[in-house]
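Letters A, B, C and D mark the chains in the order given here, with residues in each chain numbered from 1 onward.
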Amino acid sequence: MTIAQFSLPEQLVLILAALVLFTSFALLAQQRMLASIHVFAWQGALVAAATAMIAGVYDKHHLYFSALMTLGLKALLIPWMLRRLVDRLGIAHEVETVVRPALVMLAAAALVVFSYYVALPIEKLSSLSTRSTIAISMAVVLIGMLMMVTRSQAVSQVIGFMSIENGLFFAAVVSTHGMPMVVELGIAFDVLVAAVLFGVFFLQIRESIDSLDVDRLNRLSETDEMNGTRE
Amino acid sequence: MTWAGWLLALLQAALFVAAAPLLTIWVKRNKCWLQNRRSPSLLQPYRDLAKLFRKQVVLSENASPLFRSAPYIVFAVTVLAAATIPLISTQLPTTAIADMIVLVGFLAVVRFFLALAGMDVGTAFGGMGASREVSLSALAEPALLMVIFTLAMSAQSTNLASTVQYLHDAGLVLRPSLLFALFGLLLVAVAESGRIPVDNPATHLELTMVHEAMILEYSGRHLALMEWAAQLKLMIFGVLIVNIFFPWGVATELSAAALLIGLVAVLVKLALIGVVLAFAETALAKMRVFMVPQFLNLAFLLALLGALSHVILEVDI
Amino acid sequence: MALNLALAAVLAALASAIVSLAAHRRIGVLKWLSFPLLGLSGLAAAVAGGMALAGGDAQVAQLPLGLPWLPWQVRLDVLAGLFLLIIGIVTFAVGIFGPGYVSEYEHGDHPLVQLGFFTGLFIAGMQLVVLANDAFMFMIAWELMSLSSYFLVVFHHEQAANRRAGFLYLLMAHVGGLTILLGYGVLATFGGGFDFDAMRVVELTPLWASVAFALAFIGFGMKAGLVPLHAWLPEAHPVAPSHISALMSGVMLKVAVYGFVRVTFDLIGEVQWGWGVTALLVGSVSALLGILYAMQQNDLKRLLAYSSIENVGVIFLGLGMAMVFMGTGHEGLGAIALIAALFHAFNHALFKSLLFLGAGNVIQRTHEQNMERMGGLLTRLPYTGVFFLIGSMSIASLPPFNGFASEWLTFQAALQAVALENGVLRIVIPFTAAMLALTGALSVACFVKAYGVVFLGQPRSRRARHARATAWGMRGAQGMLALFCLLAGVFPNVMVGLLGNVSQLLTGARMASATQHGWLWLTPVSSTEASYSAPLVLIGILLAWWLIWQLLHPRGARSVRRGKTWDCGFGPLNARMQYTGTSFAMPLRRIFSPVWRIDEKVERQSEAEGLRVSRLSHQLQVSDHSWYALYEPIGRLVLVAARRIARLQQGNIRVYIAYSFFTLLVLLWLIS
Amino acid sequence: MIGLYFTLLLPFGGALLLALVTNPAVAGWLNVAISVGTLVAAVTLALSVLDQGPLLSPGGWFYIDAFNIYLVALTAFIGVTTAIFSRPYMTYVLSEGWVRQRRMRLYHAMYQGFMTTMLLALTTNNLGILWVAVEGATLATVLLVSLYRTPESVEAAWKYFVLCGVGIAQALFGTVLVYFTAAHVLQAPDIGLNWTELRGVAGQLDPTVMSIAFVFLLVGYGTKIGLVPLHNWLPDAHSEGPTPMSAVLSGLLLNVGLYAVVRIKMLVDPALADPSFDNPQLAGHLMMGFGLLSFLVAGLFLHRQQDIKRMFSYSSIEHMGLMTFAFGIGGPLATFGALLHMTVHSLTKSAIFVTVGHATHIAGTQAIEKIRGLIKTQPHVGWGLLLGTAAIAGFPPFGVFTSEFMLLTATMESWPWLSVVLLSGLAIAFAGLFRNIHPMVYGSVPEGQLPVKANMLPVAVHLILVLWLGLSIPPFLAQWFDQATQLITGSHFL
């Protein structure tokens, strides 16, 4: 079946999925701190919108709540916290250079293809119209990881991590219409605590190596140049 | 085995011990003749022994009891070894006490105590002699054993009497293994009984001496026993060679005639081998101590060849 | 009955371990409680072993220990009995020897608890190994033995060398243990069960049987110290306290032999002659190299340890011959070789522990381990001197002592090679016999050196000069072992007859003709082929001696006069002029030089015209090749691999994330 | 039932309570008391489960069967012994001035918080809750790793946090996928994550999705187990955190990760058994591969260690690899052995870390080349370390040998040639451990190294238990393991 046969709301969900994917590309490409925080917030908002959409279409009422939760957490609270942190740390206007951005973009695109290829058999089985979103969310997760690999800035690593969470949540919502409430609450709680802890750690790292460049966190290594060989 | 057999064994042993000095002096006489010197009389070694037995023993003050008992052990064990060798007759109960391997064991005991006695006083000479003795015989002994293996595999026995019996009954058979074994045994005999070219009993030259260095501290009856044991050793090897490889004439039953023939035969054969030894010692020169290993390796090689040629050429399964 | 007695022995050993927990700073506990308990345990073990060896049929029982589906099973058959007897005798001797020996630990803080506790465990472990009837219990007892002996090896852990030895020992023991475990694994996988009874009945395919044999051979050979797996042995055995060295060299190696015999002859069952050839060659090489290495040692205990390698080689040579004969269907001949090997194992246990106890005695009195600083001890420690002499004669396999009897049997077995159909074997066996002959001759040389340098000549150090007599217990233990050496040598028929039961069990044949001519004659095949009468030999020697004394000793001869040693007219001789151990071994070192890695340095300082040498210094380092050929390469390999691997942990978190990222991708790619 | 609630609520309440207690001494005692209470509750729970069989709480939120109950008991037990050790140790840490009072509060609160999450993860029946709890365990411990605020500890904590976070995220994705397929089989969506339900219909779950889900879950929880190459956080976290933390991390957290994977495997195997799927053994093979790799690599790492705690954390990786391998083999024998190995490893390893804590206290450093002559300085500590290491290295008569023996046998039966690899790995690891242990325990005492007030009771208890398990497994425990084996493999072992 082609997209034409979907009902409008379903098409809208697909649109949102595409947008989420786009935002994570944007995150990957974005080199300004503040801007990437904003993009991240937008991604959260899109996920929340998608959730609300699903809730509306398949009238799953508890999803409204989780949509709200997502909006509050991912689109408002966490971005706000990050914003405050970067202000306090005075790195708000820092610009981080990504090595070989074109290559990274290419890799991200490849990841999308890859996750589509992995998800193909799943789609065969699925009867939900929103099945293809699994591929999208897997791609979002992988791209998030790619972002953490390519960025050496602690804050952008956290953003990458959070976008992975977004991808997960998106997958949970659109492919399975939401996990049981308790689980979602638990996950949300974990994410919140994680965000707080990240904040704590920014400060700790800052005071220990007075920078947020994770590449400089390499005291604990076991290669020869770090510790003399002992025969 | 009857009491007669045991009596004969006893007599034979006595004869063996008594005749040992004779062989030595016989070789010496031949050498003298060959080098046209005047030779001592055949009784000379007996006179020497008697003199030594009468003389007082002078012991080094740091000689231990082992030093005093060594001569007796050495001599006793050598006599026992002699007693187990068929000299005249193969009808010998004593051969059952110790077969050829035990015979080698006896020689090892002798060497063990000789060497210890040499080290006991704590002079440089004694230690040197002991060291050389054990090192050289460490190479000679395996050669001897290989010779014995060759014989044993042919004769299906390590019992001397039955081996001699077997070879005697087999008559004249040309066995390559025995040929190798003979030459191996000859070399070993020369080395073990300390003759030229391995050792020279006549000199006390510190660079070369082996046996003499060990008994340097001995005097009086102790020295006599040591000397006599050495002569016995020579005799033992002589008898082994002649009676195993040329068993003709050896008495195979206990009759007076046979025994007489056997006696004459062995005396003649020993006389002959004495002449051969004398020739060899005149012709050859004493070799350097560290040439001796090659000499013994040759002996070992010959013996090994003997064993292998027996397995390869003579057994058919 | 016998089995209960054996278990009682184990309990006594454990009890001695427990009581010595109270020995902290109180040596009396060790002297008057734990060592007597050990002696008791040894006595019980010896009696039980003797009964089992004579008794014949096996006794089994189950202990309330082990896994729910695999309880510990113990079994006491003739084979176990033999080795239990060995363990028992030596343990008993140690029990007597110990109190006098440990009295040197009275002063200074020595970990007495460690000593007593682990000695008890060690002995209990060995006894359990012999008793075990399932692989699981066997392995536990085996490793208990290794572990506790390791703690005894590092008893003097202040010296770095001992620590190193301990580490090496533990490592090798563990590797060997794992190999054995793997061997049992093979047997169990096909036998469907870890108890030996299941393994006995099963028939393995030749390939798997060979695999199992190879594993057992490597594992037990490692413990027994076969070349080239021997390197740990001369390091570990000497550094332990001497009575422990006696136990390790005298008994533990035998336990390894036991394991090998049990697995090969009993559990696998169908012996292949190819295995025999392997054991034959490895054994003869070990024997030869072992004695050659021993010859060059100047540390008395190291020398003894190396000579253990030699004797184990001889034992395996005999076992190999037995396997060859059995593999080619000559059970009767196999029995001769097997009996010879087991008899040698028994004898080696006796004289090697005798020698180690003697060495311990000497070392305790002189506080020297280096032979070059001993000498003239025969007059100072007469008892030890005489006993050590007996031990040396036995180990040098001189008639009429026990070493000779077993070696003689081995030779007789070798001579039966003619009966074999396979021409190659007919050549190989005489050849190994030649190696054995060389070994025997060298061992004479080696122990002439040992005895001559340690006990004869003039004392080479002040401590040696002032060595004084020792405790009665120590003499008693050595005396007992020496007596056994003599008895086993003079009446070999007794032991051979008993060992017949073992060969009956393992090969289905016994040396019937061996003892048919009564206790006086030992005739392996038939009286015409070969015979040896040790009693008559002894009598003959004594008779000859007596005759000489009677006939030749001149009546009323003036008694001996003591005089100075002849010094060639140069001033008086001193101790430094006599031959040292090193110089004694020089000819053989020169003849067999390729065997060792020798680095010898001679520094000669001569005066201006270069004629008179004013100063001369000589350094000699003799080490064996296996280090450089086998051990160091492996160690280096591991380290290199470790260094490569370490790059994984290079510190940058992004790399780490990349790891999990790519792991994920690869796995996803794999499954779809 | 009541036992269950107490088991969970006691530590939870304890965490809240301890967050308020300012006096560290009191807190230390309270910590012990709460742990003991938890242990009692856990034991009662265990007994009830043992005689009434599996227990499913109303609403199906919790499910206790033979498999997790013994882990619960183990967790509670080690929680107690470690708490006993932690009290004097942390007072020493405090006296050294490495931490301030406030952080002591954090420490004790988080200790109980960690126990809560552990027990929750073990007892819950809901895969989602399981995920939440495991993630919670990370969050609870991450601040403790950086407790000393040294640059190293902060770095270690950051790596721990980020790597485990990322890993766990994948586990969540896997969970979502499981839920996704379950939604097609189960009608009621909100029970779609209940393990018992899933277990019931496991045969009908779609194999492809389940295989993908398993990959995500394996990578996710495998990070927690410390499987190579996902292990990098582990040595850092274990070596930089306070020693009691290292003890519980090595002894418990890793187990929970493995527990999760095995639970999932129990769902995946029936699903993959579907004829349409080509490789029904996929899960097992993946686990075997990871397990063997971790086992070997960790063994090699042991040779290069300079930090004693780091070394033992590598040995934990090695043993977790061994267990993963064993569970991967499957089959009653291997599973039984793996369960036993879990127990003995946890006991031994936590005992070792306690001893190591004392040793580092004596030497004042964790650097191996600074720690010397322990046996002379303080025989108890020295022997504890030596025997503990001997035990963990698999020397009989300690229990580790028993389990390794069983694993080896299982390998022999199913994959004969792998057993060679296994043995060489064991030998390498053994050499690596002892080459470092040897100089530490033996030799003469460096000057200025004095005995300390050490409480070796936990060590003794643990080692004696391990020894007991080595000499004979008590019937009830064997029964217990056997039930668990039956649950996991579907067939009894005994």
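Rule of thumb we're sticking to: a residue touches a chain if its C-beta (ideal position, glycine included) is under 8 Å from a C-beta of that chain, and two chains touch if they have at least 3 such contacts.
Because the structure is predicted, anything quoted here is derived from the model rather than measured.
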Chains touching both subunit B and subunit C: none
Closest chain to global C-alpha mean, per-chain Cα centroids: C
Top chain pair, ranked by number of contacting C-beta pairs: B-C
Reference subunit B; chain at largest CA-centroid distance: A
Gap in Å, rounded to a whole number, between the CA centres of subunit D and subunit C: 44
Length of the line joining the C-alpha centres of subunit A and subunit D, rounded to whole Å: 30
Gap in Å, rounded to a whole number, between the CA centres of subunit B and subunit A: 100
Whole-Å gap between the CA centroids of subunit A and subunit C: 69
Contacts with 2+ other chains: residues of subunit C: 639, 643, 646, 649, 653, 657, 660, 664, 668, 672
Residues of subunit D engaged with two or more neighbouring chains: 158-159, 162, 166, 170, 208, 212, 235, 301, 304
Contacts with 2+ other chains: residues of subunit A: 118, 121, 145, 148, 214, 217-220, 222, 229
Pairs of chains found to touch, sorted by chain label: A-C, A-D, B-C, C-D
Subunit D - residues contacting subunit C, complex: 158-159, 162-163, 166-167, 170, 208, 211-212, 215-216, 218-219, 223, 228-230, 232-233, 235, 282, 286, 297, 300-301, 303-304, 375, 390, 393, 395-397, 401-402, 405, 408-409, 412-413, 416, 419-420, 423, 426-428, 430-432, 434-435, 438-439, 442-444, 470-473, 475, 478, 493-494
Complex contacts: residues of subunit C adjacent to subunit B: 375-376, 378-379, 389, 393, 396-399, 404, 408, 411-412, 414-415, 418, 421, 423, 426-427, 430-431, 433-434, 437-438, 440-442, 444-445, 447-449, 451-453, 456-458, 521, 527-533, 536-537, 540-542, 544-545, 548-549, 552-554, 557-558, 560-567, 573, 575, 577-579, 583-588, 590-591
Of subunit D, residues touching subunit A in the complex: 126, 128-129, 131-132, 135-136, 139, 142-143, 146, 149-152, 154-159, 161-162, 165-166, 169-170, 172-173, 176-177, 179-181, 183-184, 189-190, 192-193, 206, 208-209, 212, 235-236, 239-240, 301, 304, 306
Subunit C residues within the subunit D interface of the complex: 64-69, 111, 136, 139-140, 143-144, 147, 154, 157-158, 160, 163, 166-167, 170-171, 174-175, 178-179, 181-182, 185-186, 188-189, 194, 638-639, 641-643, 645-646, 648-649, 653, 656-657, 659-660, 663-664, 667-668, 671-672
In the complex, subunit B residues that touch subunit C: 53-54, 56-62, 64-66, 68, 72-73, 75-77, 79-80, 83, 96-99, 101-102, 105-106, 108-109, 111-112, 115-116, 119-124, 126-128, 130-132, 134-142, 145-146, 149, 152-153, 156-159, 162, 216-217, 220-221, 224-225, 289-290, 293, 300, 304, 307-308, 311-312, 315, 317
